[in-house]
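Scroll down for the structure; my scribbles are underneath it.
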Amino acid sequence: MESKAILEVRDLEVYFPIKKGLLKKKVGEVKAVDGLSFTLKRGETLGLVGESGCGKTTTGKAIVKLIEATGGEIYYDGREILNMSPREFKAIRPKLQMIFQDPFSSLNPRMTVGDIIAEPIKFHRPQENIQELVEHYLELTGLKKEQLSRYPHEFSGGQRQRIGIARALALNPEVIIADEPVSALDVSIQAKIINLMKRLQEELGIAYLFIAHDLSIVKHISDYIAVMYLGNIVELSPAKELYQNPAHPYTKALISSIPIPDPRKKKDEIILKGEIPSPLDAPSGCKFATRCPYATTKCNNQRPKMEVISNNHQVACHHWKKINS
Amino acid sequence: MRKKLTLVLVTLLALFLLVGCSTQQEAAVQKEGQTSQNNTETLKIGIAKEPANLNPVLISGLYGESLAGNIFDTLVSFKENSAKASPALAESWEINKAGTEYTFYLRKGVNFHNGDKLTADDVKFTLEAIMNPENASPSKEFFEPVKMIEVIDDYTVKITLKNPYSPFMMALGNPTAGIIPKKVVEKIGMDEFDRNPIGTGPFKFAEWIPDDHIKLVKNKDYFLAEPNLDEVIYRPIPKAEVMAAEIQAGGIDIASDLLPQDIKKLSQDDSLVVKTVSGLSLKYVGFSAQIKPFSDVRFRKAVYYAVPIDDVVQGIFGDTGDRAYSWIPPSVFPDDNEYMKAHALKQNEDKAKELFAQLKAEGILKDGFEFSIYSPQDPYRKKVATAIATELKSYGLNAKVEALEWGTLLPLLKKGKAGIYIMGWGSVPDPDRWTYKIFHTGSAMNFSKYSNKVVDQALEQGRRLVGSDKRGTEYKKAMRKALVKDYIHIPLAFTNVTTVMNKNVEGFEPSPQGYFHLVTDKRNVTIK
Amino acid sequence: MISKYLIVLLGFNLLTLIFSLSKATNNQDNLISYLIFALLTLALGFLINKVRKTNQTDSNIQTTSNLTWKKLKRNKNAVFGLIIIIILVYISILAPFIMPHDPLEMNWGKTIQKPSLEHWFGTDEFGRDIFSRAIYGVRIALGIGLLAVVLNTLLGTFLGLIAGYYGGRVDNLIMRAIEMWNSIPFILMAIALIAALGTGLLNLILVVSITGIMQFARVIRSSVLGLKKADYVLAAKVMGIPDRQIIIRHILPNCIAPIIVLATLRIGEMILTIAGLSFLGLGIQPPMPALGSMLSSGQQYISENLMMSIVPGTMILLIVFAFNLLGDGLRDALDSKLSN
Amino acid sequence: MLNYILRRLLILIPILIFISLFIFVIIKLTPGDPALVLLGERATEQALNQTRIKYGLDQPLHIQYFKMMENFFKGDLKSINYKQNVISVIINRLPATLELGAAALVIAIIVSIPAGIISAIKRNSVFDYISMSIALLGISIPVFYTGIILMYIFAVKLNWLPASGYGGHIWTTEGFKYFILPAISLSFVLMASTTRLTRSSILEVIQEDYIRTARAKGVKEKSVILIHAFKNALVPIVTNIGNQVAGIFAGAVLTETVFAWPGVGRLAVNAIFRRDEPLVFGCVIFLSAVYVIVNLIVDLVYTLINPQITYD
């Protein structure tokens, strides 16, 4: 069953200029996102995983146009949105929503929960019964309507994240960019929120771009997973396939670092040497070369392209065949 | 870190250098002052406002004239007797019978401060400079009747007038006609001379630090006598209460422009002496003759009735002023105060109410009409304005006070835009100088824009006549018409000149015009 | 908790209202006072009602404003300042009803008198009652101060919001303008402007209210710079809420704290600036009783009647002092860093 | 660093151009006639016109502006009243104001920093309470009022000090006496805010970890406060002093009027009152430039006390 792509990102580039000197001349740029492509299908979840600083949040923000992309194309439902006029984009805006990482700063402390959820409705669906809708979304995310007149600081982190989700849902979105929605929460609550998101996906058919910094969280919710390293996707594959047959050495390292609940299983963790290089002076060849145990001179000089391993499984590594043989 | 430190230091240094340059200049001046400080007799005079100029040709305002009076000399002098001319630079003079030809014989051996001899050329140059429109001299008007100035020889000068002009001697005796050295002025120019004046007077100009002090040092070779004082320092002190504090604290030896309450207080101080002369200045309330409702004589009368002028004058001027009824001071010819007093209006609430009601009924005074009473920023006049505004408020008139600085007030007055204003006038003891500029149609000081044929004719006649009785009748006629028929002004008070001085200042008397005459043929001020 | 104080005030208001009803229609001034007073009473009643309601529902949960109030209450200085301000506000509203004399009434026979039973603080150089003039002066000072502060706050906040939120060229332009404005000594600016515009009451308010804008705009801008990166602002952007609405609904309410503190502290400065201008003869023009002009004319009579300068001087001091105390207290209460 | 200084100085140019335009507009909006003020009330119309032509006041506004700018930068803009170069008039008056401001600043620092530190250490003590109250009272009294009262007490009643005027530079014995009263009355403006700021920043710093660590290590209380806390509290204090420069100028305008002080503040006010347009123009530009430069210096001083701040 092949569903239609709702969001397609092609060669997305986000560069930040570095200005210096007397006249604020541009002397260089930080390539936060450097040619990134993926496709998100209707009603599915794509997990976007990478260490902090790799550009995954930037990608998310560029898609909802919080940050201006310097290059590439983004198609929503077949229509390019990056070059769209603000007026045209206005109609698409509600369809692309976002859930934020920190449930404490994502809600305006001076508004009641009711007002927070009502706000998007007032602007985009003013003709409908706002009160009714607010209560509906509140209940949909597992909150009680008695809590409508309370302020955010009266809630726990998990509850707040539910409010954030309810607010995003209020616009009937097709795609939700979830920017590490659970990483600020306790482990016990993480599962609850993820289950809620899954349930909502089933009920409402929403597609998620689920951004996370480690593979363990996205495992259960994602249909596809993209692994990011320094502004590029290094491996893209269906979730199961990725966990079973990781092709990129970076993916392997990430998977090996997932804590395993079963102590009997043997664990051969690959520990990466060094730190993630600054995006200011990224290596010219394979960006992972500085930390890769398999790196050769080729890796240092030539940037690897995405290669197809099997159906839907792609990797950007010169030596994937050798490594996985 | 070290690099930063040096940079910071360099920047600081640069700034200090900038300041340092200026400091050096000052330091030089300072040194000069210090050397002469020991065993010198220095008289410090407090003045309310710094003069704008020291060049007689350009001078306007009391303090400029007062200072110039000590740096420069005039052909004739009114320093001791303000009504009769006495010899100064001119030893003697002749006036022809028609009153159109004046011949002056100059004193010989008078030197300017730079050593140059004073000759008839300088006199001619000075008077012509005043008349030259390019110099924009404020006193040009007094020399308007001059037809020709001839140098007969080095020490004789003849001035021919177009027509007889009785106050001409007064004009020549005023400090604004101080004789300036032709050579020097031609060399450095009028403006430069203003800051480096050179005269023949008892004191030489030494330094001027704006808003701080002007210093004069003695001219040993002064032709009348060697001044007893070595130095005179004029200090502008803008606030009257600070002036009072300074004379008590000993920061100045002579204080002027004090408030009545301070004078009262200071007169109890044993170390101070208070001296008062009845002055030649007047404070008055003026009305516009052009703007409704002020142009209606009934309105002006109503205000006169409404305000208890006697109380206001007594309350505000206290001992420093006497109630005025006419424009011409009693000490100046012709004295018509009896008549004017008899015809002045007394406070009468009923009449005031009646007149206001009449004006309202006729629509001349509109309901809710709001107007300002204009006054300069001096405490006396501001208080008068306040008192009048307050009184008028109790009659339901919406009056407020606008006490403005000169810069704003003068243009307003000149354009005749002030409905009611409180102003003052001070001049030499000649009736023409007290009336013509104020009451004659189109005159510079006619702030009321008052115009009346009878008054105009009388004033013109007064100028031409030399015989004194007839002249007096003309001025009486003019004043009676303007003040007790038309009530265009309400004269408030002739203010006295009161100076408070340190006990050890000897020989100083305040002059009626408020000048500080330090060395004349009759006096030579000294400090014990 | 708060309602206890409010009820006392309300009681006071109601009693005074009834008492002053008969005097209310004497003239325009009284009528204005009476109306403001009646409005104040209504507002108090409304406030009591609201405070009671919130107290009933969530007694255990502390809202931010509740918390601030508690912290403020613990600060004795601030409470002291607040009480002085409340008293001064009452004095100024009730001025027409409590003045023993007409502040404009002159009496030439009784100038510069020492305090007596008839004139509690004596009389001035026009024989006017100093006590009545001081009361009326407080009314004018507070009126002008508040009006100017409101204007100042509106302008400053507006500029700060725009500069902070839009950033880039707009920010640059506004900040440069502010920098420029800032580098001209404000009293010179005020003098020049008053010389240019004239010495009306309205001009005075206008001039003093624009002199403090830069400080305001700067503080607001920096807090907006922080706030606009907050996730809830981003969320609002993603939701397509127009910028104007984001500023009004999300950013402005969250920088209310510095606005209140700044505004409170500004009132004092403004009253001092007006007094300074009065000293130079550019302030409120006579015969209107103004504290600054009273003070500067009182200085001329410092040895005749000390009351002429002490009374207005003390009044200015009291107003400025009270607002500074309250402002400080508010800053401490609203600033989390120093809260414990 | 050098770049930073250069950039700051470059910014000065557009700021000054804006200010010049701004002040020009205000000057021209101001009713009144410089010629009339110069020549006085007795002046005739002809004389007035002559003066207007002489100072170029008859020309169209934009030409007047450019003339003024041109002359100012060439250094021959002449004051109508003083008939001297505007810049030299101002520079001559500058020492009096700068010395007065510096003296007030020094007095304020000498009094308020120790007071603030003691208040912070003995928080909520009687000393704290009293010094804070005095600090607050200090900024609540109009500066001209304190001036008159000081003058009345120390010059008139006690006769210890001269009442008003300028007696020479502060470093001369004679001049120093004249500085005492005006400097004290001006320092009140600064004292209050500096005391309060010292107190609160010391308090803030005391609560931070490294101070606790230092204390725990057994470093003596005195050195904790002086070395560790004070050094770190200095940044906000210096900032505040920088911001107060504007306050000093403003206060100086009033103080100079009270004490008949020949400073730039009074010069500027008198220039406005006398409608000496070139001088107003010059004064405002000059004072603004001084303000900007002083603030630049303050910013540079930061780098000395806090190595964490750099301007690269």
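The first chain written gets the first letter, and so on, giving A, B, C and D; residue counts start at 1 in each chain.
The working rule: contacts are C-beta pairs under 8 Å (C-beta built on N, C-alpha and C of every residue); 3 or more make two chains touch, one makes a residue touch a chain.
By chain, UniProt protein names: B = Peptide/nickel transport system substrate-binding protein; C, D = Peptide/nickel transport system permease protein.
Keep in mind that this is a model prediction, so the values were computed, not measured.
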item	value
Neighbouring chains common to chain B and chain D, by label	C
Chain whose Cα mean lies nearest the overall Cα mean	D
Centre-to-centre distance between chain C and chain B (centres being mean Cα positions), rounded to whole Å	45
Separation of mean Cα positions, chain B and chain A [Å, integer]	86
Rounded Å distance, chain C centre to chain D centre (Cα mean)	26
Where chain A and chain C are represented by their mean Cα positions, the distance between them in whole Å	50
Of all residues in chain C, the ones touching two or more other chains	195, 198, 299, 302
Residues of chain D whose C-beta touches two or more other chains	30-32, 148, 152, 257, 272-273
List of chain C residues in touch with chain D within their complex	77, 176-177, 179-180, 182-188, 191-193, 195-198, 268, 272, 275-276, 279-280, 292, 295-296, 299, 302, 309, 313, 316-317, 320-321, 324-325, 328, 337-338
Residue ranges of chain D touching chain B (in the complex, touch as defined)	1-2, 5, 30-48, 50-51, 54, 81-84, 89, 91-96, 98, 148, 151-152, 155-156, 159, 162-166, 168-169, 172, 257-263, 266-267, 270, 272-275, 293, 296-297, 300-301, 303-304, 307
Touching residues (chain side chain B, partner chain D) in the complex	1, 3-5, 7-8, 11-12, 15, 19, 21-23, 25-27, 30, 50, 52, 58, 60-61, 133-141, 191-192, 194-195, 209-213, 235-239, 241-242, 245-246, 248-251, 405-408, 410-414, 437, 444-445
Parts of chain C lying in touch with chain A, wherever the complex brings them together	58, 61, 63-64, 230-232, 234-242, 245, 249-250, 253-254
Chain D residues touching chain C - in the complex, by the definition given at the top	11, 14-15, 18-19, 22-23, 26-27, 29-32, 132, 136-137, 139-145, 148, 152, 196, 200, 203-204, 246, 249-250, 253-254, 257, 265, 268-269, 272-273, 280, 283-284, 287-289, 291-292
